[in-house]
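So, here come the structures, one by one.
Two complexes are shown next, each including chain A; its partner changes from chain B in the first to chain C in the second.
Let's look at the complex of A and B:
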């Protein structure tokens, strides 16, 4: 009994950390600019493959490779802003929410396909792999899972410090609260958006390395964590960072429990039913406040 | 209506009807002439495929472009219609002609369940939940390994599993027309397509359509004027699901096969791209989009593996450069002229 509990907790906490990292990236963008980035999953895959290339082809050490993944993700985020988001924001208005979603779906497909063309479809092994395990109580916890949780938590702490303590973070929060007021106070909103997308892309890069370390490297590796991260953002109320992290851990543990209890294929369906039930009960999400609509 | 600052969403209705009738008659004449002008069975088959996708995109356009429901379950509803048709023909040995309308009704039931769960929410929340539901359905079908019944030595899963269904019956045109069977199938699919287009036109022009558009343009105002958002959107969801499911049934019968690949994101993307390229919220947009994208797809076939890449880039570029699609752009050009 106790070993099952340990296994559920280990899987749940590891997946929770990964989902949380993905939700932070998504939630940041949604909170500050009302944009759903459907290319986030493809950026996860990009980070994973960049690490693979830097370690396997260039032969550089792993920390350098992870930095490269972050840089590649950040660069992809910036290109996304300069190429697509900026002009959509300019022409958009009320249709921005949907048009940016459709455009980023297009980018996601293109990026995923580009990875497929470069690296091929067969799964590759992520060099970020740590063997060994630690005995905890009745069960055994693989070292890799501990490292994943530790890295994810460290990254999230760094992001929260960045958001709450720095000048850049203050500008991001100001823009998120009221775009026009921030603009009038002299906040360069365009640059803030660029920074947010770069930050979120960097998070996607590192998240992709971690995700591919417990699964495998495939061009579509980001799709599943992204979809679940979206669901968790929705449950928490889109744009609510601490809520999204809490929802990610909570739902991941429930998912792991269902997978152990009823078989792997029921994990996601049960998760979704739970989410729908929560949303019928609280349409703005668990921690979201009901929107006040002005006419 | 007289306020000149309002976007020209509704041009003088009578002129719109005349234009729509003229365009419709022209397209229909072309479509009827096509099988007599085209010799190649391959080309005719591709036109049938384009009709399917145009039809699904038109239903998605009704949902999103007119009623403002951003659903990503469109291909799932299409697949449910197709699967229901296939399963009814396979397990109950119904004639395909009975199975198709029943399949469409099952798609409606499915859509109402999805709608009850999702439509209380708004905008992107609806998009994310419908996408998740479609993915869950796909996962449940693909991972289905439990034997439902034995067929010969092989075991068939209730949902068809990863392989799907095949050889459950067709339109019967192969016996009737022999070598020209594709022409017969083309005629049937064209009839289905015309039916769905006429019905969506009637829906859009009816008072119901006005309620849809009001909810899209200003939800708060529409609700204040007594339009029930949830009921109206559930209604349009079910209506579009009927025709989407019907198209799914025709698809299954035409190909005599159906599989879980229909749930894939790239398939959904192709349908959305058709509507986006043609022009979301314009009646002829999906038809124009289907023609343009099927042609582009045909040309990119030469480029082989770069097809999907190109498609993705086209969608992103069109959203940025032509926010109202080809038809919207053309309409703007005509309207600017004094």
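Let's look at the complex of A and C:
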């Protein structure tokens, strides 16, 4: 029995950590800008491939490669803001949410195909791979899963500290609460948006490294985490960071338990049924505000 | 630069068995200088199957170059046109095929595989009277052909349907036991398909005939597609360890993850997979954990002397990480069509039913030894015959290849069928 519990918890916690990391990036942008970034999944893939290039082509150590993935993701986020989002914010008016969603779908397709052109279509092995396992009762826990959860939790704690304890975090929170009031208080809202997209991109970069370490490097590797992250965001209430993390872990463990108890194919359908039930019960999500608007 | 003379000189080593025949058919038309013949291919060049789509295109490119160097088809060079089917499905694939016909007037379309199409490609080919050859590896091709053979006369599946994986596996397992190469701890077999038609048809074929071959299905667990977290499935397997775990899900990266997650706490079970382990990504991702994995494929470039030149040329041209096992499929498909079209007196054009029927008849008559083995079409379903499950004569069917990863630093070794085998079965390291 203990080995079954271990297997279910390991799968649930690992998936939960990955979903949570993807969700935080997505939720951060929605919460502060009212923007659904459909290119988030492609930015995950970019992070994974950057790590691969830095280790395999440039021969640099893995920690440097992971920092490079974060930097590349952050740069991609900044370019997204400067090249597209800023213009849409100026001209989009009430249609911003729709236009930015369509624009980022285009960016996602372009980025995925660029990766396909550069790296080819064959799946590649992510250099961030740790072999070995730790015995827990009658079961075993792979070291890679432990590291994934540890890194994801550490990153989320760092983001939490950054948002709650730093000057930059205060500016982000102020802009999210009331953009006009923040402007009147001298908060440079444009710069805050740039920072938010850079932060989200950096998170996507590190998340891409972790996801590809347990799956593989392909241009489409971000599609599944992106879908799951969106579901977690909706369940938690769009824009609610702690809620999104709780929803990610909770739903991932339920998914793993259903996969064991009812059959692997029922995991995702049950997850979707739960989402529907939650949204009927609480349309704004479990921890959501009644109404979300772009400030 | 590949020339007709250099190609003919190297043909014996290259394994391009059709080169001399095609050059003979071309006769005095030694140079491919006539009007180009558009050859269409609707391939997944982007999306989840892009890796295979690129290889299918590579195979076609190689075949086009070789055929043109041999004088083309009756003096007319081939010109390849590829349309992207992206994430596949009936709508995207049928539109891509129709574009190939409307824009380029392609009299032939050679596809690799496209999933989720419900074989709608056959309707496009039939409606436009073009020859269509594909490697979807689906029994639904045979079933659709049987519904109306006159309508689908020009539709061919270049390999045996996936159904033959089932009886092929059961036969092979019993051969291992009878020959004393393996003593199973029990007669239980666990089946792990994923939620797609291809994978489920194979699993069902095993399940439905298991008892007949003396096996009991202890677990039938369908996983989602794609799937990389195997923890809950492995926990179920460990509750009642079977003698054989047959994973009929086919994505190489997911199968590699299965082995990576299986390795820390292995069971005394023989692990069989299909198709995915034949691709470089399986070994690349799985590393040492994949040593001992047994797999089979009903189509793939044979690791024999005949195909050696193709394999080395392919890798030299498209890179060490390229998969000649995939590219070989469309390579053989185009070669067989080119020979058939030359024998029939020309490729025809869309809506030229009379000529298309001549080419189709020629395709049916021609027994072609390509780099994947023999391609001879079964008149009942117009798919390649499967050796040894469907036909006992090795010279008349495409071999159902059983291979094993015995050394992760080298190519996998073929262990069956007997006439093609290069080494005996090796007991996997987690079982010995």
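Basically, the second predicted complex is superposed on the first by the 289 of 295 C-alpha atoms of A that agree within 3 Å, B and C clash if a C-alpha of one lies under 4 Å from a C-alpha of the other, contacts with A are read in each partner's own complex, and residues count from 1 in each chain.
To be clear about the criterion, a residue touches a chain if its C-beta (ideal position, glycine included) is under 8 Å from a C-beta of that chain, and two chains touch if they have at least 3 such contacts.
This one's a predicted model, so the numbers in the text were calculated from it and none came from an experiment.
J.: Could you classify chain B and chain C on chain A, in the superposed arrangement, as clash or fit?
T.: clash
J.: Touch check for A:250: first (chain B), second (chain C), both, or neither?
T.: After superposition on chain A, A:250 lies in contact with neither partner.
J.: Going by the contact rule set out at the top, does A:265 touch chain B (first), chain C (second), both, or neither?
T.: It touches chain B and chain C both.
J.: Classify the contacts of A:231 with the two partner chains as first (chain B alone), second (chain C alone), both, or neither.
T.: First partner only, chain B.
J.: Should A:10 be classified as contacting the first partner (chain B), the second (chain C), both, or neither?
T.: Second partner only.
J.: Could you tell me if A:190 is touching chain B, chain C, both of them or neither one (first, second, both, neither)?
T.: The answer is neither, since A:190 touches no partner chain.
J.: One more residue to check, A:216. First (chain B), second (chain C), both or neither?
T.: second
J.: On the A-aligned overlay, A:127 touches which partner chain: chain B = first, chain C = second, or both, or neither?
T.: neither
J.: Identify the partner contact of A:140: answer first if only chain B is touched, second if only chain C is, both if each is, neither if none is.
T.: The answer is second: A:140 touches chain C but not chain B.
J.: Using the superposition on chain A described above, determine whether A:113 touches chain B (first), chain C (second), both, or neither.
T.: both
J.: Could you name the one stretch of chain C listed in 7-15, 25-33, 43-51 or 115-123 that collides with chain B in the superposition?
T.: 115-123
J.: Which residues would you name on chain A as touching chain B in one complex and chain C in the other?
T.: 113, 264-265, 268
J.: If we count contacts the way the header does, which residues on chain C are in touch with chain A in the complex?
T.: Those residues of chain C that touch chain A are 46-48, 50-54, 195, 221-224, 226-229, 231-236, 238-239, 252-254, 256-257, 260-261, 264-265, 279-281, 284-285, 287, 319, 321-323.
J.: Spell out the part of chain A that touches chain B in their complex, as residue ranges.
T.: Where chain A meets chain B, its residues are 36, 83-84, 87-88, 91-92, 95, 97-111, 113-114, 117, 223, 227, 230-231, 234, 238, 264-265, 268-269, 272, 275-276, 279-280, 283, 293-295.
J.: Which bits of chain B are touching chain A when the two form their complex?
T.: Listed in rising order, the residues of chain B that touch chain A are 64, 70, 117-118, 120-121, 123-125, 127-129, 131-133, 135-136, 139-140, 143, 218-221, 224, 265-266, 269, 272-273, 276, 305-306, 308-309, 311-317, 319-320, 323.
J.: With touch defined as at the start, can you tell me which chain A residues reach chain C in the complex?
T.: Touch list, chain A to chain C: 3-4, 7-8, 10-11, 14-15, 112-113, 116, 120-125, 131-133, 139-140, 142, 214-216, 218-220, 224, 256-257, 259-260, 263-265, 267-268.
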